[in-house]
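Here you go, one structure.
The letters A, B, C and D name the chains in turn, as written, and every chain counts its residues from 1.
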Amino acid sequence: MQLGLVGLGKMGGNMRERLRRAGHEVVGYDRNPEVSDVASLREMVEKLAAPRAVWIMVPAGDPTRGTVEELGELLAEGDIVIDGGNSRFTDDEANAAHLAPKGVGYVDAGVSGGVWGLQNGYALMVGGAEADVARLMPIFEALKPEGEYGFVHAGKVGAGHYAKMVHNGIEYGLMHAYAEGYELLEASEHVTNVPEVFKSWKEGTVVRSWLLDLLVNALDEDPQLAGIKGYAADSGEGRWTVEEAIRLGVPLHVITASLFARFASRQDDSPAMKAVAALRNQFGGHAVKTN
Amino acid sequence: MQLGLVGLGKMGGNMRERLRRAGHEVVGYDRNPEVSDVASLREMVEKLAAPRAVWIMVPAGDPTRGTVEELGELLAEGDIVIDGGNSRFTDDEANAAHLAPKGVGYVDAGVSGGVWGLQNGYALMVGGAEADVARLMPIFEALKPEGEYGFVHAGKVGAGHYAKMVHNGIEYGLMHAYAEGYELLEASEHVTNVPEVFKSWKEGTVVRSWLLDLLVNALDEDPQLAGIKGYAADSGEGRWTVEEAIRLGVPLHVITASLFARFASRQDDSPAMKAVAALRNQFGGHAVKTN
Amino acid sequence: MQLGLVGLGKMGGNMRERLRRAGHEVVGYDRNPEVSDVASLREMVEKLAAPRAVWIMVPAGDPTRGTVEELGELLAEGDIVIDGGNSRFTDDEANAAHLAPKGVGYVDAGVSGGVWGLQNGYALMVGGAEADVARLMPIFEALKPEGEYGFVHAGKVGAGHYAKMVHNGIEYGLMHAYAEGYELLEASEHVTNVPEVFKSWKEGTVVRSWLLDLLVNALDEDPQLAGIKGYAADSGEGRWTVEEAIRLGVPLHVITASLFARFASRQDDSPAMKAVAALRNQFGGHAVKTN
Amino acid sequence: MQLGLVGLGKMGGNMRERLRRAGHEVVGYDRNPEVSDVASLREMVEKLAAPRAVWIMVPAGDPTRGTVEELGELLAEGDIVIDGGNSRFTDDEANAAHLAPKGVGYVDAGVSGGVWGLQNGYALMVGGAEADVARLMPIFEALKPEGEYGFVHAGKVGAGHYAKMVHNGIEYGLMHAYAEGYELLEASEHVTNVPEVFKSWKEGTVVRSWLLDLLVNALDEDPQLAGIKGYAADSGEGRWTVEEAIRLGVPLHVITASLFARFASRQDDSPAMKAVAALRNQFGGHAVKTN
């Protein structure tokens, strides 16, 4: 089927390629003319036959919101907009409400797969009305991995990004569990070949996983991770997951600790630990380290 | 090759079966005559030709220690004892030191695989002298999963159980990360089909893993886990992992939080929260719930 | 000086009393005619000479917002509204912006002291313009504890409630630290008189504090806290504190763990631990407890 | 009464002084002849009339153990040894068992007070037999703060150090709760005078405490703690507290997080966060920071 695709960066560009390989007709638009198929959003819309489907793959927040608004001007009743970016689920309700008066449907899609998606397929978690999702199934089928998994219609509008948010929250926790095990093995005098231990876990263990495979790859490239600084950004989903836990009164020790570890990784010095050092100095005369 | 195998419970019995399928001659001893091949440890040892190898698969602590001591009386120079149980790595050094004066070698093997091991093989993490491990390789080859992974010689005596301990510590963290995500999805009003979301994650996602597959199995059987109480025992490795973190000065937020969540799951009421409730009552006049 | 006071519940009523004892003229309004000095907000405003000061002491959220809006209709240029309730600091900016076009000033005051405030005074953390705060100093002086502490002008509008929010976040952590120590002492076989240990700490120790004094009081009344359930509500400030930590990228392990412990205290069963139990059953055949 | 005092460092020296001010006769021994009253342990013992009491105030572990053994040679039936150092409670049982066959009693005393103890008195938590503790009461009375608090007989041998250990564990949590609040206030754009906020909390708040007073002192000296590095050692009690929680199955999120924060404060880079960064690079192509 036909699909308009807005945003042809690393993710969007690969998705266009995977869709075309599956025989779909993709009209891609990007502000960068070198990768864009058309000169403007308007031209993209004009090249699509009604009822149209337009997939947005631009950064979350203002860029996505702005694209939804522009599309609201260009599209017509019966068309559908899909937001496949990393939006917060609360944005979806606003976007859907913006398009509904024009008769334009809205579906949100959480997309997982990263740089491996072109080859292996993208896991999709979608939210929206039954009929809208049904109409888009050929697109979802082409993007998702082969086999019976990798796609879910998780609920109404917002549910797709919600499920993806929790997926990423879990991912934070999983990564940090491996990371703590790595640090402990590295610190110990008992295990003398840490990368080999991780590699051996790829089969027959309880901890085998795709993330473990990736960690083994990383240790193959740099057995002591000597070239990598212990610094990690976060892209929002982890924060939103914890905010949801707070809203819903759910204890989320593990995922939150993983998020906080990222925060700490970006600090040159810890103001909290300055205060602790100051206190120890006050009551016990313990020497402080000075800057 | 020949192997003496002490302890024919769920794990030991399956391991005997897997070794025999691979063509090895296993003389198994268990206190339960219904499953034992011989009437006594002595008889088991007598049926083995020197140099012998005897694998212990009995509960950690006193039972394993006692078996090592008995074997120390029965075995001779050049024999090897393997402890494949869930022993603390610190026990290995004591066991090896006990056997060394008699010229009996000692190898420790952390074994993962649980009820799936007979079919899929057991991941093995072993510690010991190079020559001892080399001599036992036919046994390890038969027990481990097919393929190039699932076995590691992690270091000297103790390193096998150490690696297995950290494996289990990581396992605690991984399980709890999924568990927190499950609770959050269940609590939310956005996602209406939680088991389907987990099932979809089996392909194409960052969080795909064997544990995820198992959680999907569990949700297939009981979509709301309605028949299961939120109660979990712990078998020691998680505690030892945190104790090691404390010894080595390694921050282990995630694994420790997972362990503490198990502790809390076994409490009918929380004494700490009684104290918090009492304090809130004292300073704010907040009503307490009474028993 | 004159002060209008809206909301004469436990806190507001005691504050009126403390202000009157200090010689101030308080015109109190409450929807409950039994405690109110006047029949309506309008009557309260009419009884005050311009420039007026009106202190709001009603529940945070809609009740406070509604009162600000009503006062916006009744007050005139040069008047000041003070919100002394448990509002989120973000409400303050909205309230101030609502009143500014009318020339009505706005000051926020975080108030600590609970049931002890009438006698000991209320600690005040205020935010607002320098001139507004200066004009209100007689009121603040009367409410605050004797001595040189217990009052701070923390910054512009919102800073008062912000400081109070962090105060309460710290309070969560402090309470839980004592609570954990209490639980550990209770669990141990070594210390046979737990309440006496806490009582002894009231002098000469590093942990002496007002909260410790309160815990000693509670243990005097009920040495094993036998009549108190381990259940604690939370009134918002703890959640807001963690949300701020997330916004600002500050690791806040201790305060967050304290908040999560309250969440857990309100659960009959833990869905996360159901998932952990289900997983252990799947991979290890560990029996689950059923409901 | 008479007391032998072994170890005249910062703590021991001040305690000798406080005891002498109270009229007791202290015979102090230290390896440093400049501070010692006698030339040897033997001379110290000889200067005391039976039944003797000897207080040990040397570093925990081998130094204390060695002193107990030496005293075991020198003392006689009816004498009492008191260990006032920072020993682990498990050492006490061994020490008492070593002295018991000689008829020498043993009492353990957890001592709090640090550099303020000479002036304010030392809080004492003691463990031991009723009769031994009773005989030593004049010493305890002189050391403890004035007033009715600051002393507890917590249980049998070991209970004193146990109570002190938990005291210190709580202290870790309290300090870190203030420290997190400090960091959050510093990070925020709302509160413009952080030291003044803390100072204001000294009266009328829920968080007022001696530790708060000390933090205010520290901020008076260095309002942004600019001269202090966020680095803190730990002296053992925090680790022992968490180890006990693990032994007893008590969830101890707050105190453990405080301990782990100290561990992290001593790392130049986090191996765990290297692993997280490596994983993010593998699956998402996220750039890593290099060293």
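As a working rule, a residue touches a chain if its C-beta (ideal position, glycine included) is under 8 Å from a C-beta of that chain, and two chains touch if they have at least 3 such contacts.
According to UniProt, the chain labels map to these proteins: A, B, C, D = 6-phosphogluconate dehydrogenase.
No experiment lies behind these values; they were computed from the predicted model shown.
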Item to check | Co-neighbours of chain C and chain A - touch as defined | outcome: B, D
Checklist entry - So chain A and chain B: same face meeting same face, with over half the numbers shared, or different? => result same
Next on the checklist: What's the farthest chain from chain A if centres are computed as the mean of the Cα atoms?
Outcome noted: D
Next on the checklist: Could you work out how far the Cα centre of chain A sits from that of chain D, in whole Å?
Outcome noted: 47
Next on the checklist: Centroid from C-alpha atoms only, then distance chain C to chain D, rounded to Å. What do you get?
Outcome noted: 33
Checklist entry - By residue number and range, which residues of chain A touch two or more other chains? => result 114, 176, 178, 180, 183, 187, 206, 210-211, 249-253, 257, 260-261, 264, 270, 272, 283
Checklist entry - Which word fits how the chains touch one another: line, ring, star, complete or other? => result complete
Next on the checklist: Give the list of chain A residues in touch with chain B in this complex.
Outcome noted: 89, 112-114, 117, 120-125, 127, 144-147, 149-156, 158-159, 162-163, 166-174, 176-178, 180-181, 183-185, 187-188, 190-193, 196-197, 199-212, 241, 244-245, 248-255, 257-258, 260-261
Next on the checklist: Please output the residues of chain A touching chain C within their complex, sorted ascending.
Outcome noted: 206, 239, 242-243, 246, 249-253, 256-257, 259-261, 263-264, 266, 270, 272, 283
Checklist entry - Which part of chain B faces chain C closely enough to touch in the complex? => result 10, 114-116, 175-176, 178-180, 182-183, 186-187, 210-211, 214-215, 217-219, 222, 225-233, 253, 257, 261-262, 264-265, 269-286, 288-291
